[in-house]
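To keep things clear, I will list the structure first and then write my remarks on it.
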Amino acid sequence: MLMELMLRYNYWISVVLMLIGFYTMISKKNFIKKIIGMNIFQTAIFLLYISMADIEGRSAPIIISETGYVNPLPHVLILTAIVVSVSTTAVALSLIMKIYKEYGSIEEDKILEVHS
Amino acid sequence: MANGEITSIVIRTVSRIIIPFIQIFGLYTIIHGEASPGGGFQGGVILGTSIILLTIVFGLEEAKRRIPRGLILVFMSLGLLIYSGIGLLDMLFGGKYLEYTRLPLPLSGHEISALSILCVEIGIGITVMSVIILLFFYSVRDEDAHGINA
Amino acid sequence: MDIISIKPLLAVSVSLVSSMLILVFRRHKNIRESWTILASFIKFLIVASMIPAILRGDAIVYTVISILPEIPFKFRVDAFGLFFGLLASFLWILTSFYSIGYMRSLKEHSQTRYFACFAVALSATMGIAFAANLLTLFVFYEILTISVYPLVIHKETPEARSAGIKYLVYTLSGGVVLLFAIIISYSFAGTLTFSDHGFLAGCASREILQMLFILFIIGFGVKSAIMPLHSWLPTAMIAPTPVSALLHAVAVVKAGVFGVVRVIYFVFGVDLVSELGLGIPLAYFVSFTIILASMFALVQDNLKRRLAYSTISQLSYIILGASLLTPHGLIGGILHIAHHAFMKITLFFCAGAIYVVTRKENISEMNGIGRRMPITMLMFFIAVLGMCGFPPVCGFISKWYLLLGSVEADQLPIVVILLTSSLLNVAYFFPIVFVAFFKKPEKEPESKEAPIFILLPLTLTAIISLILGIWPDAPYSFFQIANIVFQNVTGGVI
Amino acid sequence: MIQNLPIFIVIIPLVTVFLIPLVGLWKRDYCFYISALSITLLFSISVFLLNLSINVIHYHIGGWEPPWGIEYVVDPLSAFMILLITFITLLVILYSKKSVSKELPNSIVEFYTVFMLLITGLLGIVITGDIFNMYVFLEIASLSAYALIAVGGKRDALLASFNYLIIGSIAACFILLGIGFLYMVTGSLNMADLSVILPKAYASYPRVVLTAIIFFIVGLSIKIALFPLHTWLPNAYTHAPSVVSAELAALMTKVGAYVMIRILSIFGISLLGDVPIADILSWVAAVAIIIGSINAIAQTDIKRMLAYSSVSQIGYIVLGIGLANQTGLTGGILHILNHAFMKGCLFLAVGAIIYKTGIRNINEFQGLGRKMPYTMLAFSIAALSMIGIPPLCGFFSKWYLALGSVESGKWIFALVILLSSLLNAGYFLRVLEKAWFGKSIHEEVDEAPGSMLIPTLILAIGCILLGIFVTIPVSFINSILSISKLGWT
């Protein structure tokens, strides 16, 4: 049982990362930290995709290899997902900049104070 | 530090040397899109970072002088137009969107495909580069500036 | 036999068109009002032209459009629908004249809105009368609810607004319950088309059908002001008097009653209702309303509110007649729709006339009003006689049939209730007449009647209620149509 | 060229997105014209597609056969959604000319760029047959929505947008995870392919598939703001520019509901028979209907009231999905259509009122009916339709939903629907009463300009026509249900 769990350590790592990211996203009051959490969450999912594409003993998906290569499709998907993630981060950061200009803070508590 | 540029002579000189190499590496990555690791996204980002480095070191004014905002916008649209233009060209010759093999070129199917993918990657690269630069320009732009065209 | 003709659609849409025209010509008073008059005459003529076919025992149908894939938006004029349609369209003519007189004398604001909404309400009433299935009926039922709302809060005072809210809360809730009942019936029966012997028989278990019946009664009961769902009606008396007269004595409340009768006879059918054992309990239930509402009426000082409680009581007569499930009960109930309409509209017209001339609404202030306005109060007296059931006014006829019906159904307590209620009617109507004719006013004002536009309609309605009492079975009369209804429902003759 | 039509649905707005900044360099006002032109073109294509969709069109991009390549599928359901999106957007774009130049005078170019990006995303979600592609388009649409809400740059809008972004990103991550799990057990991303493979995969890996569906449902519930995951919606709709509120309220959540229908039909009846997902959805939806309406009653800001009303109306759509029978689903899809018209009309009318008077508090609406009769007329028609007064269109979706509830033996939902129409009456009639009756307190106010009035009125007339001729959408929805394989009914 334990061995079986250990064998899937890659999934465990990404699950732990996901939870860290998710927790950061919902618990931190600092907006930048929220965004960091979001990035951790997204990256954990990318790891999940990439590690599931892996086939033992195969090389990266480049045609020159003789031994065959791992499933390339998740890599492509993740490439797209990274772009999405980067765009989200960009939008979020620009929002934070504007919020900072308006409220003079990026701490949720202080902003709510200013707000009310 | 009026424009936020860095005055250290070391950094300025090193950057001056390094930026062209970054750009060449970016082009290399774009061109290697169809058969090996690389592609428009990655290459575009690398090209974009070279301009970001330029902005950091030499200031926004200098960067804007070298690459005016209008030009970036034109590039951004141009890249996408290359991409969709090739798709439309394929459709013109009776294929599906981005079905390259129908293009009437004196080459084998594989070669046409590779050529078309290269063009598409270049288009994507240009767009990504311009978007990255624009994003950075926006982030450091003056307080009172408004609008893409400001 | 079903005759296909566009007449029902025309009858419904003519006032709808006129309401648009009223809005278009809002700047020209006389043109605007002439549209109302014109539409009311056209509407009445269209409805009246359908009488011969109905008396032959035919029905007139017209399918407008498919409202849902399985349910057509369809009109079917049978005897009962025609009865109601004829009544409402005829009284609209009189009310139109009366409205013009009333609104102009009082120099009311927003007259365009008033006339437009009135026309829409009449369209909806026609639609309810002529609807061939429950969904079509429901569509018009809701349009009626909404179109009357602006009329209720016409005064725009805080009091009127809260009355409007009360009106909406009650009627919309009723509509929702009704819709629930309709949906359940549709999912069980797969049809909503009225049929002479009901369409629900054998569709669902006894308990579900009983529950459904109660839902229907609650749904229609709000507009027909069955206690304890009645309290919107007295509050809504804040509306201008023509509204109270036509809508809150004829169109709106009778639409509710009409719905109840439709449900009992055309949705469930006589056999099913008596098999479920629901008729007599309903009769006893509405008996409470008859007695209680009369008692409430006794203590009202505001004339219109007293009339409203009287309406509540009288509406339950009709439901009582229908729920007895006997031939005379049914005819009595249906006849009372018309007879009560003529009498009550007279009373309301009189109340309005008094208000226009003296600005008085409370009975205690009306000392000697009969000397100032002899014609008005004479007509009031005629109507009062009818309400109390004295011959030869028409109220007597319908009460007579109701009494016969309850004897037929072996329900002697109901006979007692009807008679008691007549006594109560005397008790709350005669003091008004007494005050009007025999009490001395504080100072002797000169005799002055209301304008002719007001006086003429109320005289007409009073005279018609006399005629209906003296010669009830005249050709083309309500009595004959009621007879056809009875024949359709039971297949027999008296 | 006909067989290439599906790709144009995505390419045209995408190219427009990048043309607008270029044109904006030259002349700002032309941004509007080029967007309008593009949407008009899209609208005419979508009319074509609706006719063609009876024979489902499969478009393989780059000639790659599915399940390897990305496939665009135009079946009746997606064609219907495309037509809805393009039609509403066309009206909103027409409306935007005046509204945007007043509300966002400094960001016209940005607005149209991002707006067209939003349209690209929405259309892409609807047309694609590839589940990962759907995720990408969903994120394109969401990102543009975040940006559009914040574009005015007001304080509240920024916070609302950021809040939406955080919650929306969580939803996106969940959906991405769900896709990942599905790919793990099936090795396919094509929706049609997935629905074939999934029953077998479910037999071998029940827990993975189950986890996937839970991630999907939770993620999508956030995206469509299903109670209790609706918290982002009221602020976002309230503080967004009028045009954006209208577009998002009318379309964004509807597209989310469309995705939900698609995802559930991928999983199909074999799985949903085992797990009471549909039941849970319908109960949650019932609570959403009631809570949303009650919250709406408590609001004094008109846009916030409409936003809460949206929360409740989304409950209707999800209830239709959760009822899992033919009638209920007909009601759900019909409500997607009807609610798009009604809510679009309401938000446009409110936008016109804000444009002219700047008031948002319901108590200040007094006498507006006399000053802006046509705007208020449109508002009233849509409001009455929301209440469910026949023969306006809102009544008929309620009819089907209630009928579906009774048919599946869950009478309680029928009661909820009917009760909620009373609650709807509570908050809408309050506004109508204020607006139509009583003296006006606004002296210098007149009717909204024609370019704002006409789209609003068209939507209002649409509410009436969709009600009177309800058989046309209903019979089309019937053909949707028979042709598009919606596998869980």
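Order as written gives the chain letters A, B, C and D; numbering starts at 1 within each chain.
Operating definition for what follows: contacts are C-beta pairs under 8 Å (C-beta built on N, C-alpha and C of every residue); 3 or more make two chains touch, one makes a residue touch a chain.
Keep in mind it's a predicted model, so treat the numbers as computed, not measured.
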Most central chain, judged by mean C-alpha position against the global CA mean: D
Inter-chain centre distance, chain A versus chain D - centres from mean C-alpha coordinates, in Å: 28
Rounded Å distance, chain B centre to chain C centre (Cα mean): 78
Whole-Å gap between the CA centroids of chain A and chain C: 70
Separation of mean Cα positions, chain D and chain B [Å, integer]: 35
Multi-partner residues of chain A (at least 2 other chains): none
In chain C, residues with contacts to at least two other chains: none
Multi-partner residues of chain B (at least 2 other chains): none
All chain pairs that touch each other: A-B, A-D, B-D, C-D
Residue numbers on chain D that touch chain A, as the complex places them: 132, 135-136, 139, 143, 146-147, 150, 153, 155-156, 158-159, 161-162, 165-166, 169-170, 172-173, 176-177, 180, 183-184, 189
For the chain D and chain B complex, residues of the former touching the latter: 1, 4, 7, 11, 14-15, 17-19, 21-22, 24-25, 28, 59-63, 106-110, 113
In the complex, chain D residues that touch chain C: 384, 387, 389-391, 395-396, 399, 402-403, 406-407, 411, 414-415, 418-419, 421-422, 425, 429, 433, 436-438, 468-471, 474-475, 478
Of chain B, residues touching chain A in the complex: 35-37, 39, 41, 135, 138-139, 143
Residue numbers on chain A that touch chain D, as the complex places them: 18, 22, 25-26, 31, 34, 38, 41-42, 45, 48-49, 52, 73-74, 77, 80-81, 84, 87-88, 91-92, 95-96, 98-99, 102-103, 111, 115
